[in-house]
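Below, each structure is written out as structure tokens.
Shared between the two complexes below is chain A, which has chain B as its partner in the first and chain C in the second.
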Partner chain A sequence: MSEIKGKVLKHSEQTRTMHWIHLICFIILGLTGIGFYFDITSIDNLFGGSANASNVHVWTGVVFTLGPLIYVLFNFEKFAKFIDTITTFTKDDFGWLKTMGGYVPFIKAEHIPPQDKYNAGQKILGLLVIIGCILMIVTGFPMWLLRDTMPAILVWLCWKVHFWTAVILILAILGHFFLAAIHPKSRVEFASMMIDGYVDAEYTSHHNAKWFAQLKKAE
Partner chain B sequence: MNIFVERGGITRRQFFKGTGIIAATAVFAGILGKIGIDIFKASDKYIEKRIAGLYTLDERMTIRKSHENPEIIQIYKEFLSPGEVKPLTEKSHHLLHTKYGSEIPELIKELEAHRHHAA
Partner chain C sequence: MSTVVTKEIIHVTDRCKSCDHCTSVCPTGAIKGRLGEKHYIDHKKCVNCGQCLINCPFGAIVDMSMAEQVKKALADPSKVVVVQTAPAVRVALGEEFGLEPGANVKGKMFAALRRLGFDKVYDTEFAADLTIMEEGTELIHRIFAHVGVPGYEKSGPLPQFTSCCPAWIKYAEDRYPKILPHISSAKSPQQMFGAVAKTYAAQKLNVNPADMYVVSIMPCTAKKYECQREEMIASGFQDVDAVLTTRELAQMIKDAGINFLSLPDEKADRLIGSSTGAATIFGVTGGVMEAALRTAYEILSGQSLGNVEFKTVRGRKPIREATVNIPIKELGKTVPVNVCIVSGLKYVNEVIEDVLAGRSKYHFIEVMNCPGGCINGGGQPIRRDTY
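Showing the complex of A and B:
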């Protein structure tokens, strides 16, 4: 065991607030969306019937759009760093992907390469979420505001893209939830995003070695 | 306890990536917004033309009000309310008013009875 003591501030207060807002919006949007698509009245009734569920869906969509937008405008530095991290793939990231970071039981992982603030899997999830959310937003608003005026084929196209993006996003987020909150190797990070923002320095020095080296250098 | 915190400030690369994404998103949103507004305007123009078309068709018609239609007046005078033009009589109510929803099975029964009666 190494002797690294202390904590690392991984996620700031505003980042955590934005994550909470997006999480709550995502659950509401996902539930109401599933209710509409599969015509499940009991889900619609949770939101006060079909007509109200529809209103809840579109207005939650507005918060879902504005939340990250306001965050990005007020936290440009954090956003720029985040984008830089998730769009930078080095041979260490490909090495992580080859072993899947040791998370998959039947893939041998003797040596897992050092990772940035986010490992290769988290980087891919980050990209998926950003692209997915943009697709949901650009197909959702026209279906709400232009459904009577847009050519029918475009409404159909928006509907298809909206549905399949939702399927991919829900599956990705379920995987994200499993690894962040349930998997014994990584669930220690749960509190860093959901509660106080801190992770053990010891844990970070193993799981995000490259980032931790930078933090130590900056000390 | 030792607390490690990220140092403020960003590199030139991080700045360009961040602004690049924001600019690309803004341009993308702008183009889509413009297309949306154009679709809306085109649709408005179409609706205006359709309204104008309907009004023109209406103005060109010889008979523009149903209660002034000589054939309707004749039907009332000779059959529905003999000798006068009187709407909402028992006969016109039965023959001209239709039924909806749960009343339909009853209407079918009534019509069937009429058919047997006529036969």
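Showing the complex of A and C:
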């Protein structure tokens, strides 16, 4: 289960590297995108002015696209398993959603159903991020590379989809950051993804009981 | 009343999203700014065609409006306000009121103009006929000079370029001043109408030209620049005082609360008799060429044309060429006249370079800035659902 006693390896080195790359890209893309869209000079100036900020934006977009692609190429089985997990919703997942995993103060949560490696909320976030990133990529590259040849209506459509997807993604990632890094019930997950990949076995037995049971069984 | 507002017609507003789409549409490279940068227009290079305006995905580019000046003139009882309407307007105005593109609303448009308070409502087609007679005759003189008919030695060189499109004229002046002797000296229909209105019509209507205010309804934003050119004062006054685009006319009709679709069909006032079908086709690419060929053919050959349609000059390709064999009565032989139609300034450079280098095989060249001709001008309704 783990090379460290009382710990469970949740995220491999490659997964963590990909997550770091995506996180850094996301921050740069978010900042330059906001500066770009709302014409905020102070943000643009952080990147050397508006034209340079847009250069940074598009080339960071390339890394944002290639990073996960390379990761998936070298970790296809792991990625397939991840997709399988986040697209599988059982009654336990719906039960978790009913109680919101006990994270929301005014929703009673006497019994929280056991969860997979990712709880129902994380599954939804995973789907949101994957779909969102695909939308950002399929609208972003045409706006950059096909802006001269695309009909104006498509340029407009790409901008609108790109903007609203970015809004949803930024809100989702802010929520993800709050739960993974700040919320007292789950902030132990932060070090797992951002530092060493490990998470407490005891924590996992509560929060990801189904996955923990699988690990035990495999052991 | 001075109507000169500014010659800087097209402006990028702060609604610009820096998407950089407009730079690919601009035929002269007048729009500055890279992707991510607010764009702006270099007015020295801009030909005021408005193609960037109608193609901006965010409606962030606008044209300078003369609508307020027109409203003031309409409200001034000492002014006789005369309006002319270009051929391409009548088949586009209906779009602003929910009709299909191409619906001819000529009758309702004349009715609406009268209800807006215009004293006389004329059709530019009559002036387009004047232009084509002038341009066609000039072509004949140049051909005579070219083939050595005595008495025409001082005519301009061949090939002759058309002169109706104000965006093309500004482009030639800015980029290729050496080509100017090749451009027809005929004014555009708008300006011919203005001059005739403030001279012949003023006399006929018994109006002091100083009290006459001439408005054009045009599919074109560059016409706003053209009407302000210093030399366009043949009548002793500014020949055309203000230009409204098709979009601006529609807005005025809406603002006035006129139910456009329920208007009866009315006829234009008559300045001089009727106009011909040659004038009607001015609004599409190849139209001026076809109209000029009809005139040139009849005068040069001394024969009446059985079939007036020169279909070889029609089409949608940006550069088209054709050869029309014209029997010249005075020479007793048939001369092949090579013609070329350029639709879009982006494609004209090579044609001009050939003329300047003496390599051109053409005798007559039509140049229109907007793709497809005036029908797709920068002043036409913007179809955001289909463009």
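What we mean here is this: the second predicted complex is superposed on the first by the 214 of 219 C-alpha atoms of A that agree within 3 Å, B and C clash if a C-alpha of one lies under 4 Å from a C-alpha of the other, contacts with A are read in each partner's own complex, and residues count from 1 in each chain.
Operating definition for what follows: a residue touches a chain if its C-beta (ideal position, glycine included) is under 8 Å from a C-beta of that chain, and two chains touch if they have at least 3 such contacts.
Everything numeric in this text was worked out from a predicted model, so none of it was measured.
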Chain C versus chain B on the shared chain A, clash or fit after superposition: clash
First, second, both or neither for A:K81, with chain B first and chain C second: first
Partner chain in contact with A:P142 - chain B first, chain C second, else both or neither: first
Touching partner for A:Y37 - first (chain B), second (chain C), both, neither: second
Chain A residues touched by each partner, larger count belonging to chain B or chain C: B
Touched partner set for A:A51, first chain B, second chain C, both or neither: second
First, second, both or neither for A:M150, with chain B first and chain C second: both
Residue range of chain B overlapping chain C upon superposition on chain A, of 8-16, 26-34 or 62-70: 62-70
Interface residues of chain A shared between complexes with chain B and chain C: 148-151
List of chain A residues in touch with chain B within their complex: 5-9, 72, 76-77, 79-81, 83-84, 87, 134, 138, 141-142, 145-146, 148-151, 198, 201, 204, 212, 215-216, 218-219
Chain A - residues contacting chain C, complex: 36-37, 39, 49-51, 53-55, 57-58, 143-144, 147-153, 155-156, 159
Chain B to chain A touching residues, read off their complex: 1-11, 13-15, 17-19, 21-22, 25, 28-29, 32, 36, 39-40, 42-43
Touching residues (chain side chain C, partner chain A) in the complex: 14, 17-21, 23-24, 33-38, 55-58, 384-387
